[in-house]
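By written order: A, B and C. Residues from 1 in each chain.
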Amino acid sequence: MSRYIMSRVLQAVLVLVGATLVIFVITFALPGDPVQALAGERAADPAFAEAIRARYHLDEPLLQQYGRFLLGVLHGDLGQTYSGQDVAQMLGERIWVSAQLAAFALAFQIVIGVGAGVLSALRRNGVADTGVRIFTLAGLSIPFFVTAFVLQLVVGVKFGWLPVAGTEDGFLSYVMPGFVLGSLSTAYVARLTRGQLTESLREDYVRMATAKGLTRVRVVAHHALRNSLIPVVTFLGLEVGALLSGAVITESIFNLPGMGQAMARAVYLGERTTVVGVVTVFVLVYVVANLLVDLLYAVLDPRIRYA
Amino acid sequence: MPELASAAGVVEPRAIPQRKRRGHWQAVRRRLSRSPLFYLSAALLVVMAGMAAAPSLFATADPYDCDLGRTLADAGAGQWFGRDLQGCDVFSRSVYGARASLGIGLAVSLTTGLLGGAVGAAAGYFGGWVDATLSRITEIFLAIPLLLGASVLLTLFGASGSGTWTVIIALSVHGWPQVARITRSAVMEAKQQDYMQAAAAIGCSRLRALARHVVPNSLGPWLVVVTTNLGVFITYESIISMLGIGLRPPTISWGQMIHDAQARFLEAPLPLLGPALFLSVTVLAFILLGDVVRDAIDPRIHS
Amino acid sequence: MFLHIRGMVAVGLTSVLLASVASCGGSEAGKKTGAFSAAILEPSSLMPANYSEVYGAQVVSALFTPLVTFDIKTNETRLEVAESIESTDNKVWKVRLKSGWTFHNGEPVTSRSFVDAWNFAANKKSAQLNAYVFGEIKGYREVASGAEETMSGLRVVGDLEFEITLVRPWSQFRQLLGYPAFSPLPSAAYKDPKAFEQRPIGNGPFLMEGAWQHDQQITLRRNDSYAGTKAKAGEVRFKIYQSFDTAYNDLLANNLDVLPAVPTARITEAKSLLGDRFGESPSGRMEYLGFPVNSEKFKSPGVRRAISMAIDREAITKAIFRGTRTPATGFVPPVVPGAAPNACGALCVHDAAAAKAAFDAAGGIPGNGFTIGYNSDAPENKEWVEAAARQISKDLGVNVETRAYPKLAVLLGDLSSGKVDTAFRTAWTFYFPSPENYLKPLFTQDAGENFSRYRNDEFEALLRDGAAAKDTEAADAKYAEAERVLLDDMPYVPLWYQGVMAGHSKRVSDVSVDSFRRLRIESVVVD
């Protein structure tokens, strides 16, 4: 097992180098001149453009810029945004915001998604199953930006139960955006759980357990569910990364200064080093989350072993 | 190649499983034909496909006949869902939007499903260095944000055409790693099942075991993810189209209609609810179909 | 079935919401007296010569006061830190400062504070975005290229007196001095400009309370030793939003006091919900449809004039902008002192028959169709560009397509590299209130903003005459003449003047927004 983990860590380093290089190359293909993007609706003055290019080494060849970036990373320095903010420090503040948002979204997915999935698997094609299907359908076919808009007006403005936007109200600030962000993928979790559990309930050992006289709750919780969870856990593992990195619109609607917004702005402004810095964090999150999930497989299903 | 086919060693072992397989798929067909949900979802899909193929049969009003003077007009005779900000007929535009939205949803779901499915199945089934290589590549693609990938495609493909292909490529590149991870997990799990071990013990070849046992037994999660993705991709189209990367007018899509109507939802809800209804029906049809097919195929559920 | 129910529920919900939001309100407890909050988006910079948008301008003009400011109603120039600004030849300008002005750290504001600040901003090493505004000062080129440290046109005469020599006469220079880039800086600014930018020290009516909290907030406190008219509120908290849609909802929920820009899509609703807490005022911003005038498609002025007459400005401003923009009647908005009234005349009024006739007379457009490019980072662009494209297609019988670009920089890049041959959407906000500021930066051959690549020697000669004019009337007359030349050539089609829609909570009153779309925070009264 420890050998397996060691080898995964080594592979992770390769992934990091590979991913940052890929992103670096990609950022050269970003549309628009970054200096012009800084100037907004006006044209950038040539003298200003030249000064900015020199300051951020924009005229150097790709590999030289990449080398500069790697060297910086080794010193814990991710460079600066074009408005003079330290990228590492900025991400340090933002990851906390994103982590809280992701935690709430994930909690909703686990509680509502798995719960709904179990319910509909136990009552397949019954009332509960239909109910869950309708709920799933609503989650999928009302785009989340619409859900966000309506919730903000109803829960935030009309009733004042939860803050409309911002991070000023502590964890309460994250409840509504967390729900919106989680609602989309809750449908996946519910449907995956339903399908997997339906299969497991037919397995011999589950029937055996039932035959032995174990209570239904015990059978479901300890035997069937546990073995059904592998694809569900895989999906949730992916979600950790996706929620941290892909919440651009949710963060914007609820005015949360998170990672998604930092990435969106950097892409918009064509800030190469910031884009790469942000994506580096995303890669790390995905690599770690996937490793943990892979290790969890062995816990959930003892038959899966890593040599 | 008759020489090979007549060789005793080849014909004999194949005869039995083939009969079995036919039996399995016949059973699947039988189960499907008995399921009312199957007919419901199929009927909905036929209607939607009809709209995509011949929208003028379903909507008489011209979706491009717009009148700013009738902006956000309410529902009435000849305009069931009212008119949008530009004064265009919402119902008619929703019908005409089926082609692009369904097309993109289907194409991207299929591409990501096949690519992700193949990569995931290979990684999960073979394990070892194959898994390590494929999984690490998957991780690199996972970490590339949609926004970044899509922006770059704009530079690469420029402005030609309706933008449909750019949307399909951008969403496919973004979507396959997720399918791959889920498929990998399902295959890894299926591989460990007792009957697989038994199949290996009696000397089934790995490829045959993969096709005959692992695929049917791990198809469930794959089907769930691929059918669920369809609705999500239809929505995502509007997000990248906003960047100027996606569909261009005069192409109409549900995602963009919903997106454009969202800001004035309080003033006029119909321009949003109209296309949302079409999207809902499509999503419903696909997830129902996914569930029904899955239940019919899975050998364990009916054992 | 379910879906229909959902639809009905949503419709019902909407009416309940609309009816009830208006009644919510009440005062928010636990707030500091004399303090209010206002919404902005993240500024690009807080250095007077380095910001690119109205949010930077908003904060900078609260922290800094330049030599002159502009009257909120008439936009006439008023002396502020300057005691007098005089010139006999429009080329050498003598500035005398009032005494008693200090920076927030107690340092007195002297002529050095201005001269050093301008030299710093013009210097290439400082990489300040708005450095080009010093371009007419003698010696700018040398400083901008990094060869010199100080502009030869700036001469300190005494503690409160300095002299500015321009490259050529410029009658509008006094107005230019009100642009925030001409603000003074304390000596602390040059020691560590990066740190200074995070917490600027100015001479304005407000001072920084703590540092700039990026993407969260900027808190300002009243400067009680301000030498000008002191602010009424004790504290302003600029809440930084990612979109004004969210800010508007926050205003409805009573979490925000002032929103200087209610989103266009919510105007109808805001008018009924906010009542007298909603206010509209005109601004100096206007929008255009531009053409690359040297391209095959758009080289005929007749075609360009026909397109102008084919656009129904009334219908678009009414349906899409809900009256928050008013149809343009020339190249200079009426908020600018000296603007010629209704310069455009019939050319800017929708007339399908006249447009078609002019179009045919001009020989039409090669390929009988063209594309309008627009940047999709502002949601209303798509809405009006599509409407305008439809109108032009219909009236002229051509095929007009639209194309979204993720940001203006991409569209401009594609245009200048000759990759595309499209008409384009563009906008302009003046940086000093003079008709010249709507003509020279956009349509003269050396101007950086001349995206249409327009060139007309007669037009430029008239601008030069205006710059050399002895008094304002003579100058404005020349600019009006130049504007007529421009209207006849129509390199851009003037579309509409943009208004500003501000909303506020019940806690505050006297909320006003100036023509630069800046909230006048110093006059806001907290009840």
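Here, a residue touches a chain if its C-beta (ideal position, glycine included) is under 8 Å from a C-beta of that chain, and two chains touch if they have at least 3 such contacts.
Not measured: the values here are computed from a predicted model.
Engineer: State the pair with the higher C-beta contact count; candidates are B-C and A-C.
Structural biologist: A-C
Engineer: Please identify the chain lying most centrally, where each chain is represented by the average of its Cα atoms.
Structural biologist: If one averages C-alpha positions chain by chain, the most central is A.
Engineer: Hey, which chain ends up farthest from subunit B, C-alpha centres compared?
Structural biologist: Ranked by distance of C-alpha centres from subunit B, the top chain is C.
Engineer: Express in whole angstrom the distance between the two chain centres, defined as the mean CA positions of subunit A and subunit B.
Structural biologist: 21
Engineer: Cα centroid separation between subunit B and subunit C, in whole Å?
Structural biologist: 46
Engineer: On a C-alpha centroid basis, what's the spacing between subunit A and subunit C, in Å?
Structural biologist: About 38 Å separates the centre of subunit A from that of subunit C.
Engineer: Among the residues of subunit A, pick out those that touch two or more other chains and give their numbers.
Structural biologist: Expected reply: 31, 138, 150, 153.
Engineer: Could you list which residues of subunit C touch at least two other chains?
Structural biologist: Residue numbers touching two or more other chains: 10, 17, 245, 405-406, 410.
Engineer: Scan subunit B for residues touching two or more other chains and write them down.
Structural biologist: 151, 154, 265-266, 280
Engineer: With touch defined as at the start, can you tell me which subunit A residues reach subunit C in the complex?
Structural biologist: Per the touch definition, subunit A meets subunit C at residues 31-33, 36-48, 50-52, 55, 83-85, 90, 134, 138, 150, 152-154, 156-158, 160, 163-167, 251-255, 257, 261, 268.
Engineer: What residues of subunit C sit close enough to touch subunit A in their complex?
Structural biologist: Checking each residue of subunit C against subunit A gives 2, 6, 10, 13, 17, 20-21, 24, 44-45, 52-53, 124-129, 131-132, 144-145, 194, 197-198, 214-216, 239, 241-243, 245-247, 249-250, 252-253, 255, 377, 405-410, 412-413, 426-429, 448-449, 451.
Engineer: For subunit B, which residues count as touching subunit C in their complex?
Structural biologist: Subunit B reaches subunit C through residues 66, 68-69, 71, 85-87, 151, 154, 158-159, 241-245, 248-250, 260, 263-267, 269, 273, 277, 280-281.
Engineer: Across the complex, what residues on subunit C touch subunit B?
Structural biologist: Subunit C reaches subunit B through residues 3, 7, 10-11, 14, 17-18, 245, 263, 265-266, 268-269, 312, 315-316, 318-320, 375-376, 379, 382-383, 386-387, 390-391, 401-406, 410, 419-420.
Engineer: Which part of subunit A faces subunit B closely enough to touch in the complex?
Structural biologist: Checking each residue of subunit A against subunit B gives 7, 11, 14-15, 18-19, 22-23, 26-27, 29-31, 125, 133, 136-138, 140-146, 149-150, 153, 184, 187-188, 191-192, 195-196, 198-199, 202-203, 227, 230-231, 233-235, 237-238, 241, 245-246, 248-249, 263-264, 267, 275, 279, 282-283, 286-287, 290, 293, 297, 301, 303-304.
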